[in-house]
Amino acid sequence: MPASRSTRIALYVYGVLVIFFLYLPLVSVAFASVSRARYLSFPIKRYSTKWYGEALESSTVSDLLTTSLSVAVLVTVISVVIAFFGALAFARYQWRYRTTFQKLILLPIFFPQTVLGLALLMWFNSLGVIPSWKTAVVAHLVWIAPIATLIVAIRAYSFDPALEEAARDMGAGTWTILREITLPLLMPGLVSAGLFAFLLSWGNFPLSLFTTGADSTLPEWLYAKMVSGYSPLVPTLGVMSVVGSFLLILTALAVAWLIRANREARAAQN
Amino acid sequence: MNTLDRKLGFLSSLPLTVVLLASFLAPMVVVALFSIMPAKVFSLANMPDFSAYSVFFSQGYYKSLLWSLGMALASTAILLLVCWPLAYGMAKVFGRFTLVLTIAVVMSLFVSENIRLFGWVLTLMKGGLIEGHFRAFTGVGFESPLYGVGIIVFGLVYVYLPFMLFPLAQGIAMVPDDTRQAAYDLGATRWQVLWQIEVPLAAPGIVVGSLLSFVLAAGALAESKILGGQAVIAIADDIETAFTFGQNWPLGSALSMILIVIIGGLALFGVSKVDLDAIMGRKR
Amino acid sequence: MSGQALLRLEGIVKKFGDFTALDGIDLDINEGEFFTIVGPSGSGKSTLIRLLVGMDDVTSGEIRLNGARIDQTPANLRPTCMVFQSLALFPHMSVGQNIEFPLKLRKEDPAARRTRALELLDLLRLPRDYYDKRISQCSGGERQRVALARALAFDPEILFFDEPLSALDYRLRKTLEKELKDLHARTGKTFVYITHSLEEAMVMSDRIAIMKDGRFEQIAVADEIYGQPVSRFVAEFMGEVNLFALDTGTDGTLSSDILSIREGARLSAVTPGASGLLMVRPEYVRFAETGESYDFTLSGKLHGEYALGSRIQYELETPAGMVTVEKLREDRLSAREGDDIAIGFNADVTHFIGDTP
């Protein structure tokens, strides 16, 4: 039974309200970032971009960005490689411990990240490894690689296993099949997994908190300043981090859209 | 299930399995071992005892655990109510708007949760976005709702909304339209359709969504710290304090173990109940 | 290599856990033959073809191609090729790239590949400018042809087909069945085809194997399977059929509880003393006018009349259950439902299926 007109309208309004609710706090942060006053109160009396100038000049900020970026890039690259194979084991190949494997990789996602971070801290300590941004990469991977795997797995489910069988039937070996058939077909999934991995690592705080040692990522620094010793740079850096993420997503969406438009245009020509 | 598939399946699972064994299961073992060490040691080379666990009861840490579980339960229940209509809309009513909504919700996930919670502080505090403007217009202010149990639950609902919404929408999408139509045809009321048809058929999505929200909320830290002030202490907060200020790894480990057993038990129970292949859209 | 089978299966068994999907299959397929395996779903025909191309492993038994064992050879090293049910065309490649795929794997140079692909497009009567089309731009019938072209580019010793026409609509299927038969004649290749559709098998095949519960019930040319089925299963699987219980005496006399049998009527090629089923196809049953005499007669009430296009099917309620009769449209009967009608047929249009002891 199609929903009645009034129900439909109510649902749309509700959807818009939820989006508003999700983004309202970011609006506050955005306003706060352009307030001139050191101690913020609304309504904002004088607007200024002076904190942005300070943030860009600060060496602390550039250190934070470098650390966050290094972690995120490494996590992305490793996650995508792991996820490519992991997704095939998850969704494609029929092997004995497949369902066990599926459940194993869900566990870290269900796990409280703070506890995971602390557990890793003790583990690194027992191994004699001194925590730094590199250990944070490992910590992020525990949570992000399974998520990336799930994303690629969704794609792996949707393609016909007969494609690989057909290639094998025509003489292709395992590596050739992976390169010529599987990789191109999973590519959209790999790209979104990479995007997710980067952004989740970029924004992660609970895992970084205990595993970065002397280094510090941007979300860690923000948290430290929020709970003690407020700095007017908090909203500024917050906005910069958010805008950076969103630009990345929008670029990705735009590229995806362009590729599709281009393909449709070519199809129309033929 | 042929030999080749079996071999390839095993091999391709290896990278992720190795990562998880070395940096998920091994650390859990370390936590378990530390939890039976005497107080305030930093090495496993000590005589085991269970003193850390007795402290859990004697020093009132169980209260934090109960608070955490209670708030997680409350936020999960609220999330179910809040997300159901929206998930229904995404699965059955909205066409292109589903994509817009999905992108909007997913994008919010990429913003560090501290920034978003901090944004709520700026929005709700005295002199914040709401109260500040309200007072500027009317001349009267009101007390900030921050720093209480209610606002922590609110924060949990806010942060974990996507974790309920997406599984729920997936679950509802699994309800075939014609079963609903058939039920209406046979004379069922709207409520009967909801309880007899939709809820049972969407159960996998409901289970996954509720489990995910509950488990994540039970182990949450930032909501109570940033929004809740010190109104109540979450168990994750106790754990962190034991490790940092307390410098008591065995206590922190024992508290972690208790949380892990509860959460892990629930998670294992939940994932063993659902067919992942069906939820994730297997075509075969 | 005359006299020797191109493909020989000996004692093929395939088990999935406790379930036996194939239970001792023996089969010879000759060079240049169009061989079809027909069976209902679950009969094991898909399992069998997957073993033949190497996508699953046999539990026991041997597969020989030109005398050489291939059952342990992986799929990518067998000189056979399959057209999949889903066609398995690569969506990320153009039509030309799909066809050239097996050639590319053999590292043939691009110019030669292209020439061969264009030849195959010609062979399958696809326009040459389809070379650059995307798979998503091709219609169902065009995709079939591309899949065939790709398989032919591989130049297999045997070309296997796993119900590739089953997803198409009726008319297109009919056209492609004929094209496939024609292609078989033009290429001279050995085709092994599996399907659940009797019609498809009848139109195209040189020989047909009927499969049931992981075994072959009968392997024969189409006419023989239709006219002389070895079992009730084959008889019923191959279309509408009437079956009557019948006993033969040691002296060759026939007796039946239901049919009236003319004095002296005999069945040739039946062991005296056997009991079993007498089969007659609906198109051989006559409506008995008064005065006409048949070896076997029976009367019943007209139950229903159904138009089947060029023919008309009648159902009669008789002591033996429903009996089906088919007539050409021009021989339409003027009786009404409920009328008493007598039917008859002679021994030469029947086939006797003896009970297996």
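We call the chains A, B and C, going by the order they appear; numbering starts again at 1 in every chain.
Criterion: contacts are C-beta pairs under 8 Å (C-beta built on N, C-alpha and C of every residue); 3 or more make two chains touch, one makes a residue touch a chain.
All values derive from a computational prediction rather than experimental measurement.
Participant: Give the chain pair, either A-B or A-C, that is connected by more C-beta contacts.
Facilitator: A-B
Participant: Farthest chain from chain A, comparing Cα centres?
Facilitator: C
Participant: Centroid from C-alpha atoms only, then distance chain A to chain C, rounded to Å. What do you get?
Facilitator: Each chain's C-alpha centroid was found; their separation is 54 Å.
Participant: List the centre-to-centre spacing of chain A and chain B in whole Å, with centres computed as mean CA coordinates.
Facilitator: Whole-Å distance between the two chain centres: 17.
Participant: So which stretches of chain B touch two or more other chains?
Facilitator: 1-2
Participant: Considering chain A alone, which of its residues make contact with at least two other chains?
Facilitator: 160
Participant: Multi-chain contacts only, two chains or more: what residues does chain C have there?
Facilitator: In chain C, 55, 74 touch at least two other chains.
Participant: In the complex of these two chains, what residues of chain B are touching chain A?
Facilitator: It comes out as residues 1-2, 5-17, 19-20, 23-24, 26-28, 30-31, 34, 42, 44, 85-86, 88-90, 92-94, 97, 101, 103-105, 107-123, 127-129, 131-133, 136, 158, 161, 180-181, 184, 211-212, 215-216, 218-222, 225-226, 236, 239-240, 243, 249, 252-253, 256, 259-260, 263-264, 267-268, 270-272, 276-277, 280-284.
Participant: Can you list the chain A residues touching chain C in their complex?
Facilitator: For this pair, the touching residues of chain A are 160, 162-163, 165-173, 176, 180-181, 184-185, 263, 267, 270.
Participant: Of all residues in chain C, which touch chain A in the complex?
Facilitator: For chain C paired with chain A, touching residues are 53-55, 74-78, 80-82, 84-86, 88, 90-92, 101-102, 105-106, 129, 132-134, 136-137, 150, 154.
Participant: So in the complex, which bits of chain C are touching chain B?
Facilitator: 16, 55-57, 74
Participant: Can you name the residues of chain B that touch chain C in the complex?
Facilitator: Those in contact with chain C are residues 1-4.
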